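Please go over the structures that come below.
The same chain A turns up in both complexes below, where it pairs with chain B and then with chain C.
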Partner chain A sequence: MPSRYLLAVAAPSSLFPALSFDSHGQLSNQTLFPRGSGQGFVRASRNLKVYRLKANFWDTIRSGFLKNNTTQIVDPPPTLEEGEEAQKLPEEFVLIERTLPDGATEEILFSSGGDVDVYDLQSLCDKVGWPRRPLSKLAAALKNSYMVATLHAIQKSPGSSDGNEQKKLIGMARATSDHAFNATIWDVLVDPSYQGQGLGKALVENLIRALLQRDIGNISLFADSKVVEFYQNLGFEADPEGIKGMFWYPKY
Partner chain B sequence: MLFRATISRTPFSAATLRLGPTAALHPRSLAVSASAAPAAATSFSISDAGLESRGFILHRTVCGLNLDQLNTIFVAVGFPKRDPDKIRIALENTDSLIWIQYEKTQKPVAFARATGDGVFNAIIWDVVVDPSFQGIGLGKAVMERLIDDLVERGITNVALYSEPRVLGFYRPLGFVADPDGIRGMVYSRKQKKK
Partner chain C sequence: MAASVRFCFSKAMELRWATTKTAKNIPNKPARVGLSIPVYLSTNPSHVNPGSLRDLFVSCNRSCHAFPRIGPDGRVEEGDIAGVDKLRVALDHSSVVVSVFCEPRDLPVDGDGIEEQRASSVGDLMRRVVPPAVTPYSGQLVGFGRAVSDNGLTASIYDVMVVPPLQRMGIGRMIVQRIVRILTGKDIYDIAALCSDDDRLFFEACGFGDDILGSTTMMYTRAITGSSTDGSGGFRRVGRKLLLVPTFKEFHSQSRIRNS
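For the complex of A and B:
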């Protein structure tokens, strides 16, 4: 029986305020995340390095799988063989590349650059069933997070040029931090139609790698009882040395 | 009881404060004998004025905080000694912090800080009280004010990681361990299963 991949919820929805109160800050969504023309998201001005994973070795393996499109391969992030940058995690790279039944290609892209359209995020949160949070607060939370990791699915119709790309947000995880000692992971989510493929695992794994690369020694999170095992498999220990997570007047 | 006799404007010496398990300096007695300050917006166990009358100065910013002295307290309570430069960076990227200074020595004696995303979640870290000043309500004083500050900002999800021996310190402050089965987890490089 295939192991059903559970929705990873680092911060339980039951602890989010159920009421949508007026934002304390006067942030305007429009200012922070203006909608691009029809594209659905706006690229932040960051230096993006895209590394393609198509080494010949993987091509050979993949060609054997193309007939059966339900088989997905999740590659570990590239370790560049030569050069100073060996082992250094790029900000953005392709996790999976595959061909869909209709001939279109789909790439799953990981990025730690934090390029998130807050409307797309809210829509993703709706899909996983989380209670609504004010957009301005979502935007502020993202802005105040030390690192925001995303998964995007990029679909290209068969035989088309780059202009016909469809980029969709399908996963996100973010971490807050004091930039020196501790980081805490919150809001881990994957689009239900993309679950069960190891993407949540890849998302969190790469977020961790990016954090470790920045020398953050202590990475923590709070896990719903249903996903404790998921995080254990990723290297997290519950109640290490008896240390307990505690919440102030939690709303159950 | 013992404490009543020593309440005065002059701060008590360290000797009075060195508490053994039999000393009965219950934080409540501090509150009862605190000078009647005008009603504050939030009622803390010890009021700001109460602290001040005992020679403790409250601070809500890093201004004036000697990081080496803070590091000394960290080491004294069993934290690993940390690079002061890293501590500085951590404090610069901290949402909220409270510390108490002992007027007589000008040194910090209690500290707590919180990090987070500023809107939904906050985690409280590094709650420390100089061992010579423990048991008189200073830890509670910083915690109550830190929580109050976070709540004032609208942050409703306030969490922390507690060592087993101090669960009893956090519970009366309103903290619940593993609510609804939620577990605190920490990443450990040697833990990973493939």
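For the complex of A and C:
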């Protein structure tokens, strides 16, 4: 039984009248809503609201007592946004699947779970020619980013079962945010040998999607001159309405 | 108990003096002479009441959105100043929050901020020597600034503002310098601030400048226009823009959802 349901069971006994079970192990309704005593009646109506909120609470109680119970405790589904079709982005999905010349298959896997090995990232940054940054700072930055999107290439040798996979980090993008209004996209990079296939575009678009779906609307980034056009094609505008980024200069 | 609460506040709220400078005049603002008031600076996010913060946005005519709707009177429209709940979320997820308070009686009443040194009574003199402790509950929120950071490499400063009657007294610069000091104390030196044309001079005076690496600031502004056909991903109203949400496209090769 998940621990949070255990907490609910340990509620003060005054809230939950003594439980009785009939022969099938089903909770008898009689004791849940005691009649007669005025206080009990009030308490019962309050309890009723509680039960309505957590409809599966008694499922968990029942499932805990019955042996060989196959009741599955399912969390209530997350409330979908009103109005538009919820094209909710799965946390991980395959972007491309193809067969290589030597017969091996390759999958490009997109993930927003943020599971990045810092050393893999460091070597990817080396490949694109970025200056090195301290690993501890890199790890902290990843951990505290609002969202980290990664691309991995998974190669399976021909004719082998699942055991022989090679998983390689080939792209990443991350965004910091205050979870309410502002977000900044940092560190967008794709392995040079995988560039030109629209992977960078996929990374950034999925970040924007995730941010806008949560109503985070001020999405900014600081683009190197070589990639300004890349971002323009994705819907970004340089210095919109005169908004510029300024950076702090340490004074000595 | 009351004593310990006051102690906590006085530890987190620092007394500073904001003074007008006799230096250059701005064409439209009359010069104020010799105004000096005590203000209290706090770096504790819980000292900021989201309702007071919203009022501050209104007084300073600022919005949380980069492109707010502005009415014919030049004021940001009510709907584009964020709600209290969202402000609380933003505060909770900002790495640095700096707030400045003052005693309500010290706030210049005049619209254009002209104030002469009040005739000193003994009481006034005493207040100048030993300003009474201001708590976030008794004081008026007059200045604010925050930064969002990944606590490792980078930080962005947002929403720096001071109520108009107390502007040009060094409070804004105090706020920015404190934010920078806290960030550099955490070893973060890549500090950015998105600012409009009006704010540029202010940030330059605080020691900010164009990016050494020559990067271009860009913001996502792709919006729905009348002729737009691809609205299937939906859109989001952000200020005066209806931003297009990129659709989840099938890639040119096959793609499938992976069951993990």
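Criterion: the second predicted complex is superposed on the first by the 163 of 252 C-alpha atoms of A that agree within 3 Å, B and C clash if a C-alpha of one lies under 4 Å from a C-alpha of the other, contacts with A are read in each partner's own complex, and residues count from 1 in each chain.
Note that contacts are C-beta pairs under 8 Å (C-beta built on N, C-alpha and C of every residue); 3 or more make two chains touch, one makes a residue touch a chain.
Because the structure is a prediction, the values reported are computed rather than measured.
Steric overlap between chain B and chain C is present once the structures are superposed on chain A.
Taking chain B and chain C in turn and counting the residues of chain A each one touches, the greater count comes from C.
By the document's definition of touching, both partners, chain B and chain C, reach A:237.
Shared-chain residue A:137: touches chain B and chain C both.
Once chain A of one complex is fitted onto chain A of the other, the partner contacts of A:101 are absent, as it touches neither chain B nor chain C. Contacts of A:145 after superposition on the shared chain: both chain B and chain C are touched. When the shared chain is aligned, chain B and chain C each come close enough to touch A:224. In the three-chain superposition model, chain A touches both chain B and chain C at residues 133, 137, 140-141, 144-145, 174, 176-182, 184, 186, 208, 218-225, 228, 231-232, 234-251. Interface of chain A with chain B (complex): residues 11-12, 14-17, 21, 24, 133, 137, 140-141, 144-146, 174, 176-182, 184, 186, 208, 218-225, 228, 231-252. Of all residues in chain B, those touching chain A in their complex are 82, 86-87, 89-94, 115-121, 123, 125, 147, 153-154, 156-164, 167, 170, 173-189, 191-193. Interface residues of chain A facing chain C in the complex, by the touch rule stated above, are 84-85, 87, 89-90, 92-98, 109, 133, 136-145, 174, 176-182, 184, 186, 198, 202, 205-206, 208-209, 212-213, 215, 217-225, 228, 231-232, 234-251.
Per the touch definition, chain C reaches chain A in the complex via residues 64-67, 82, 86-87, 89-90, 92-94, 146, 148-154, 156, 158, 180, 184, 187, 189-197, 200, 203-204, 207-222, 233-234, 236, 238-239, 241, 243-248, 251-258, 260.
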